[in-house]
Structure formats: C-alpha cells, structure tokens
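Here come two complexes built around chain A, the first alongside chain B, the second alongside chain C.
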Partner chain A sequence: MFVKDLYAISPQSTFNLTFEAGEVLEIVADRYLSHEPNYLEFIPAGQLRRMGKAVRMGIGAGLPLIQRNEPLDGIIIGSANGGLEDCIKFLNQIVDYEEGVLTPTNFVQSTPNALAGQLAILSTNSGYNCTHTNGSLAFENALIDTQLQLSQSADSTAFLVGAVEEISEYNYNIDTHAGRYKGEATSNSSLLSSKTDGTICGEGATTFVLTNNSTDAYAEIVDVTQITCPTKEELTEMIHVFLQENNLNTEDIDTIVLGNNGDGRLDFWYNDVVTPLFPTAQTLHYKQFVGNYRTVSAFGLYFTVQHMRRLIANTSQKRPKNALIYNHFDGVRHGFILVKNSAES
Partner chain B sequence: MEKVCITGIGAISAIGFSVNEQIDALRAGRNGLGHAKHFQSVYAQQLHFGEIDLSDEALRERVGNLEAPDLTRTSLIAIHAFQEAVNQAQLDQETLSSRRTGFISSSTVGGMCYTDHLYNDANNKETASQFVKSYEGSDHTLQIVRLFNIKGFTDTINTACSSSANAILLGCQLINAGKLDRVIVGGADCLAKYTVNGFNSLRILSENQCAPFDANRDGLNLGEAGAYLVLEKASIVGDKPILGYVSGWGNANDAFHPSATSDEARGPLLAMNAALNVAGLQANEIDYINAHGTGTQNNDQTESFAFQQLFDKVPPYNSTKSYTGHTLAAAGALEAIFTLSSLMHQELYPSLQVKETISDFEFQPIKSFQKGVALKHAQSNSFGFGGNCTSLILSACL
Partner chain C sequence: MSDTRGALELEFKNHLIKYLNLLEVKPEDINNEEPLFGGDLGLDSIDSVELIVLLDREYGIKIKNPTDGRQILVNVNTIVDYIEANRTK
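Let's turn to the complex of A and B:
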C-alpha cells in the first residue's frame, strides 16, 4: 500500500512543516505537549469546546487530510487509550458524586472509537470504520487492517489511517506509578543519551492517506508485522523471516528507524538486539522530537516518509530507500513497518 | 477463497458458565437478568443486570488460580471463555504459539473495571495498586498472550458494542488473505461502575428486565460476558469436527450521531448488504436473524426498519440480549455463538419479555422454542456507539 498524504500534530511544529524546514524545538519538561494548530479554521467553536484533547488532535490531523483527498473509502484508527482525560473526568464524577446524576459528554467522548466515529460523521463517511486499541501495537494493527481492506479491492481505494494519544494528568500519574517516566524535567536534545530509568511522555496525532494506487505516492508501506513477549532469539528469527517473506535480506535495508527513548533499562532491544543485524544501514531516531507514547510509531512512519520526500532540512542522513521502522513498549510489544521509497522503485 | 471454519467455542455469561449451560437456558427460555449480587454500585438493587453469578475469587478459582495478581474481572472472564474455546478446538501448546495462529480480542471497559483502584492511582491518592499496569483496554489480551504463550498476530479492537463482531470480521479476513491459518476471536466485558454510570447518564438503562422488540421497551440491561471462537482455514482442520462456518461479514458506519442510529438505518443496511455480498447470498436465503436488539426505543425501531427494507419476508428473529443483557464488546461473539447453536441444532430460541409487538411492523420476534427447523444461513448484527455497524453471516455445517 502507498502513502499518498500525511499530517502530524506533535510536540514539534509539524502541523505547519516548520519542523521539517529545520526549526527543531528544544523542550525542557517532564512531558512533551503537542503544538496544536488553530482548529477554529475547520472545527466550529461549539463542537471544539466539547472535544477532549485526543479527539481534538485526531480531528485536527484527520479532517484536513479527508478534505483534500475526498472521497475516501473508510477510516481506521489506532489508539491505545483514546480520550483518557474525558475518561478519568467521568470516573472522578462517579466517585466524587457517588454515582449521582452525571452528564454523558465525557463518557461518550472517552470511548476510543469516538474519534473514528466523529470523523465519519463530520465527513459523512459511511465506509469501513474500525478502531484498534492493542496498546503500543494499535497503530501497527491499524496498518495491517488497512492492508487487508486494500488488498480486497481491485479498484483504486483509499483510507484515512491514523494514531492518536494524549497526555492527561491521570495517565501521567498512572504511568509514573508504573515506573515508566524519568519524572524530572529533561531536555529533548539530551533524551536519547540519558541512561537513567524511564522516558519522557509525549503525545500527538498522526494521520495518513493510504491507498492501493501507486500514482504520485510518497512511499510504499511494503509490509507490517508484530510480536508480543518474544525472547531476543525469537525477535531476531522473526526479523529474518519477515525480510525473507518480502524478498529482502538485511543488506537491502539501508535505514533502520529506531524507537530509542532514553530508558536505560530497555534501549538494549534497539542497540544490542536489532542494530547489529543491519551493519550496513544508517540509523534514524525520532523520539527526541516527540517523546514516547504508545502509538508513537505512527510518528516514526511520518518522519521516515518526510525523509524519503527530502523534506527534512539540515540532515546529514542519506535519503532512505528501504527503511525498517522498529518500536517496542516496555520490551513487551514489538512492531515493525517496512517502508520503501516510491521514487526509487 | 478458503472457507472459514469454526472449530471451537467458549462463553460465559449470566445464563451459564459454559456454552452447553447457556444453550440449556436458551432452550428453557430462562433469562439471567436481575439485581446485582457481586457488582458493587448504588444501582445494584435499582436496575436489572445480566451478571455472571460468580465472585472474582470464584472466577479466579475456576480458571485455575493462575500466578498473576493483576488479573481484573475482565481478564478472568476472558480467560474462562478462552480456555473452553481452545480446549474444544484441541489446540495444543505448539499450535497456540505458532506464528500462524492469531488472537484478536476486544473490550470496552477493559482494565478500567475496578473504578476505585483506578480513581486512586489516576489521582495520585496513595501508593500504587496491584492493577497499576492493568488499566489499558488491551490488558486482558496481553494477559492471555502471556498465559498461553501466543507468538503470532495479536490485536484488540474497540468499536463499542460491535467490538467482537469486528474481531470475527478481521479474523476471517486474515485467514482469507492467507496471513493466518487459525485465529481465536472474541471479547470480554464485565459490569463496571464506569459503563453502568455512562449508560445511565444517557438514560437508556431499564429498571425492569429488558424487552427487546416490545412496543413498551424502556431501555437495555447491561450484562457481562466473555466469548471466543476458534476460526481455522478449511485445509488445516483435518478430522476435527467443524461446528459451522463464518461465510459473510460487513462493516459500515452510520455517520449520523455518536450514540444513536439514523432513522433510515443507513449503517445497519450497508453492513447487512456487504455481508450478504461477501457470502454470495440473497437476502431471502437468510433463515434466521440474531438481532442486535438492545431494548432501547431507538435501536429496535431502526433495526426493524432495516429488516423491512432488506427482506421481502422477514425471517424468524430474536434478541438473545433478552437472556444475557447487553454484554457490550463481548456481545458480537456471544451472539455469534448463540446463532451457531441454532444452526448446529436446527432450533430457534424465543425472544423473551415481548408482550406487545411494535405496531409499525407486521413481523414479530420468535415466540417459542422450536426444534427441527431447517436452518442453513443466519445473520447476526452488532451496532455500536460511534456509528459502528457490523453484520455477520454464519452457515451450518450440515
């Protein structure tokens, strides 16, 4: 399947492409919050006020792509947690008001499929609609779903595919309890060289128009795979089989795009298990721009495609031809996205 | 295109702890709706629920006292049903761990079922609870992946009340595309303050036993269930018994309202037609419908309208939510299993609590238990918040 269009709302100024032009923001914080566009240009104020951040960012990243690529055949979203802020607001009401009379807005907004549903309503899209919530593989699952839907159609078919995750005070607290964050303000410019425990939380919405039509495509997503709870040996074996299935060997991969996040306990998967398999490949990192969150591999794909389009200024990296994007979360769920530069094929 | 065979089913709900116990209740017309015994809420004695009559401790014992302190009720229910399904399909450890075996689950409340623990952890009230890593919607999936050492494709879907119907749909497509040889599909949801208060805030919960397709229906009962099916491609089934086939699937969005279906049933009709198209069937070849039938004014009116539009003569239909309540993410898989039971045993179960049928339509749901009915193809519908509509077609292995 082919990437025809893409958009990102992230802690960098990706929404207006100044990030790509070379203005990388330095962020010193214990969490990296999104730089959001002025949504009022395309979302009515009344509706915008009722939207939680995940839905707002998702609509903000999704609607412009739908509008400039209509008609689309469906909407497929990956989000581990959906609108958590709304969710815990509703939960707090339940506890604080002892299950009294509650307003439904937070409840309806909190369901992870609220975004795909809202996008369908706003664009009157009655096509295939699905939301994947498989933790840090939710975006990879959305891609695999899209691949299946596209493969069933002989006609030119296109889907809006995206991922969204928000930072709320609540999930920040929960993940802090679970030992996932550094806790102290950390500069994104030194995040990846940090060796302490935990990472820095990020957020964002990243959307793509994916199609089975190669005309004017920016890149080709050749294949996607994933595994949960592998041993190092199982992960290595899986990578070899995955490349073989796509008629590639490790030397064909000229770029590996890794999800290093500065967590001293877990970056060995990138550095010691996967990197040595690709001695001839260059390495790209991306979490120093946006932090870590469950569906952040969608930003990894965005960043890779922007590289392939030569949109990333001030880079010493070669333009990728065959890139393998690898991300894991907690060392538990591992996802791989194989991307090919369409212009080189 | 290879046939997608069903070789194992497992379910637990308010009407039984195993598939067979639930079939007995369906035959006897015995619902599981009442006030809550185990679920703690100010609404426990006020509303009707489809509660599984087991405490968390009893559930934990029944699944074999697993060495995992962080299993929520959602996970325990899921594991209970999963074990039954994989045992029936005779999946050994090597098969379960094969890269050619997938697992697609679904849940709406997921790991958020212990509202009070979550409240404390999210608001930094005290030291972390043992569930601090278990709140994600996909936690129960991960627990099963760990316990059963699953190494292939895994997914969790949340399209609200159509979630596990979409798990079935995706599983069928993965087998069809040759990506997997077999896949375990389904979902689990348990009663939780979160969902009960959510639905209550929308004022669609009934204080009585729910009465889908009754003229005076006044809302739904929330239920809890876990339900899984083992799907295998025909060429690897061997001499194992085939229980039936999934022969059609369709997914569409109503694109109308976040929590109501359109009067003209756009999404439901698109999904039903898509499923017929995949199955290569005409509407008049459907012998039975397991309706979404929640018992709300909106759903049952819209769904009946869709039947009127789709069928020249509406086939026998019921809502098995009149037995189990609305089990949310689990409903699609649970009702696919009940549909399969009708096909396997060539019998129809009555839709309960119907006193007066909806006057706009001349058809009415199944009134009594019927044996020896010729059933070849059946439709099972699931519609959810966010406009998510999915229709499945199951076929008998005769």
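Let's turn to the complex of A and C:
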C-alpha cells in the first residue's frame, strides 16, 4: 500500500510544516502537549465545543486529508485510549451524582471510535469505518486492516488511516505510578541521552491517505508485523523472517527508525538488540520531538515519509530507500513497519 | 429588575456557558429573550439534555415531562422564571 498524503498534529509545529522546515520547538516539561492549529478555521464552532482533545486533534488531522483526497473509501483509526479525559469525567459523574442524571456528551466523546465516527459524519463518508484499540499496537493493527482491505480490492481504493492519543490527567497519573514517566521536567533536546528510568509522555494525531495506487505516492508501506513478549532471540529471529518474507535481508535496509525514548531500562531493545543487526544502516529517532505514547509509531511513519520526501531540513541524514520502523512499549509489545521510498522504486 | 433576579440570570448564563462549553461566548452576549434553540447560540437536542442536567444539579429541579421542557427551555427568561418558582436548592 502506498502513502499518498499525510498530516500530523504533534507537540511540534507539524500542522503547518514549520517543524519540517527546521524549526524544532524546545520543550522542557514533564509532558509534551500538542501544538494545535486554530480548529475554528475548519471545524464548526457548534461541533468543536463538544470535542475532547483526542477527537479535536483527530478531526483536525483527518479532515484536511479527507477534503484534499475525496472520495475516500473508508476511515480506519488506531487509538489505545481514545478520549480518556472525557471517559473519566463521565465515570466520576456517576459517583459524584450517585448514579443520577448524567450528561451524554462526555460519554459520546470518550469512546475510541468517536473520532472515526465524527470524521465520517463531517465528511459524509459512508464507507468502511473501523477503530482499532489494541493498546500500543493499535496503529499497527489499523495498518494491517488497511492492508487487508486494499488487497481485496482490484480497483483504485484509498482509506484515511491514522492514530490519535491524548494525555489525560488520569492516564498520566496511572502511568507515572507505574513508573513509565520520569515525573520531572525534561528537555526534549536531552531526552534520548537520559539514562534515568521512565520517559516523557506525549500526544498527537497523525493521519495518512493509504491507497493501492502507486501514482504520485510518497512511499510504499511494504509490510507490517508485530510480536508480544518476545525474548531477544525471538525478536532477532522474527526480524530476519519478516525481511525474508519481503525478499530483503538486513543489508537492504539503509535506515532504521527507532523508538528510543530515554528510558534507561528499556532502550536496550533498540541499542543492543536491533541496531547491531543493521551495521550499515543509518539511524533515525523521533520521540525526542513528540514524547512517548501508545500509538506514537504513527508519528514514526510520518517522520520517515517526510525524510523520504526530503522535507526535513537541517539534517545530515541520507534520503532513506528501505526503512524499518521499530517501536516497542514497555518491552512487551513490539511493532515493525517496513517502508520503501516510492521515488526509489 | 431586582438585584436578586439579575444575579440569578448572570449565574444561570455562567452555568449555561460552562455546561455547554460555549466557546467565546460571554454572559453579556446572551440576550434574555433570544431563543436558545434555533437562535444564534445554535443549541441542539443534546444541549437540551445538558440543560436538564444543569437544572437538576445546580437548582434541584427535575423536569420529567417533555412537554414541560418545551415550555421551560425557551430562553433565559423562561428558564430563570422556572428556577425562581421551583428551585429546591
């Protein structure tokens, strides 16, 4: 499947491409919040006022792509938590008001599929509409779904595919207690060199138009795979098998895009297990720009494709031809996305 | 208009803005006679449920009959009239 268009709302100014132009925002915080556009320019105020942040970012990232690429055949979203802030508000209301009269808006906005549903309503898209909520592999599963949908269609078919995650007070506190975050303000410029435990959480919405038509495509997503709870040996074996299935070997991969997040306990998966398998490949990192969240691999794909398009300024990196994007969450769920530069096909 | 009535109207408008998350609307922007539904505020049926919840939580008023609701939830004046006559807190 091919990437025809893409858009991101993230803690960097990706929505207006100033990030790509080389203007990287220096963030010193215990969480990296999204830098959002003025949604009122394209979302009616009457609808915007009901949207929680996840839905707002998702609509903001998805609607421009739908409008630029109509008609699309469906909408496929990956989100581990959806609008968790609204969900917790709703649950708290049940307790606070002793199961009395509850407002519907928080509940309606909090379900993970609220985003895909509202995108469909706003764009009057009545095609396939699905939301994957498989935790930190939700985006990879959305890609696999898209791959299957496109493989069943002989005609030119295109889907809006994306991922969204918001920072809610609830999940921030829970994840902090679980030891996932550093819990102190950390500069994004020094995040990856940090050796302390935990990372910095981020958020964002990243969307793509994926199609089975290679015309004018920016990149090709060759394959996607995932594995849960592997040993180091199992992960290594899986990478070799994955590449072989796609008629590649480790020497063919010129770029590895790794999800290092500055967590001294878990970055060994990137540094000690995967990197040695690709001694000739250049390495790209992206979480220093956006922080870590469960569907952040979507931003990894965005970052890779923008590199392939040579849109990233101030970089000494070579233009990737065959890139392997690798991300894991907690060392438990591991996802791989194999991307080929369409211009090099 | 008495000070008490004016204070209640202002309080209700602030609740209205908060419960319905009316972006960029200030209490003084809301005309007491302006229809809440079909007017410039652009409220819809979901907002009517939010208004019923507002009245219950803030003033202890339960609107159980939909016909009553249509007569009460017309504009700020009709709602504040109803609050003055029926509030339990």
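Here are some notes:
Basically, the second predicted complex is superposed on the first by the 345 of 345 C-alpha atoms of A that agree within 3 Å, B and C clash if a C-alpha of one lies under 4 Å from a C-alpha of the other, contacts with A are read in each partner's own complex, and residues count from 1 in each chain.
The definition used in the following text is that a contact is a pair of C-beta atoms (placed from the backbone, for glycine too) under 8 Å apart; a residue touches a chain by one contact, two chains touch by 3 or more.
The structure presented is a predicted model; accordingly, all values stated were derived computationally and were not measured.
Of the two partner chains, chain C is the only one touched by A:Arg50; chain B is not.
When the shared chain is aligned, chain B comes close enough to touch A:Tyr128, but chain C does not. After overlaying the two complexes on the shared chain, residue contacts for A:Ala80 are found with chain B alone; chain C is out of touch. Once the two complexes are overlaid on the shared chain, A:Leu102 sits against chain B and chain C alike.
Contacts of A:Ala116 after superposition on the shared chain: chain B is touched, whereas chain C is not. Note on chain A: of its two partners chain C and chain B, the one contacting more of its residues is B.
By the touch criterion defined above, A:Val332 reaches chain B but does not reach chain C. Of the two partner chains placed around the shared chain by superposition, chain B is the only one that A:Ile94 touches, whereas chain C remains out of contact. The contact surfaces that chain B and chain C form on chain A in the two complexes overlap at residues 101-104, 108. Touching chain A in their complex are the following residues of chain B: 41-43, 99, 108, 110, 112, 115-116, 118-119, 121-124, 128, 132-133, 135-138, 141-142, 145-146, 149-160, 166, 170, 173-174, 177, 179, 193-194, 197-198, 200-202, 251-259, 266-267, 270, 384-388. Against chain A, in their complex, chain C makes its touches with residues 19-24, 42, 44, 46, 49-50, 52-53, 56-57, 62.
Here chain A touches chain B in the complex through residues 74-75, 80-82, 87-88, 90-95, 98-99, 101-104, 107-108, 111-114, 116-118, 120-121, 123-135, 137-138, 141, 144-145, 148-149, 151-152, 170-171, 173-174, 177-178, 226-230, 234, 238, 241, 332-333, going by the rule given at the top. On the chain A side of its complex with chain C, the touching residues are 40, 45-46, 48-50, 97, 100-105, 108.
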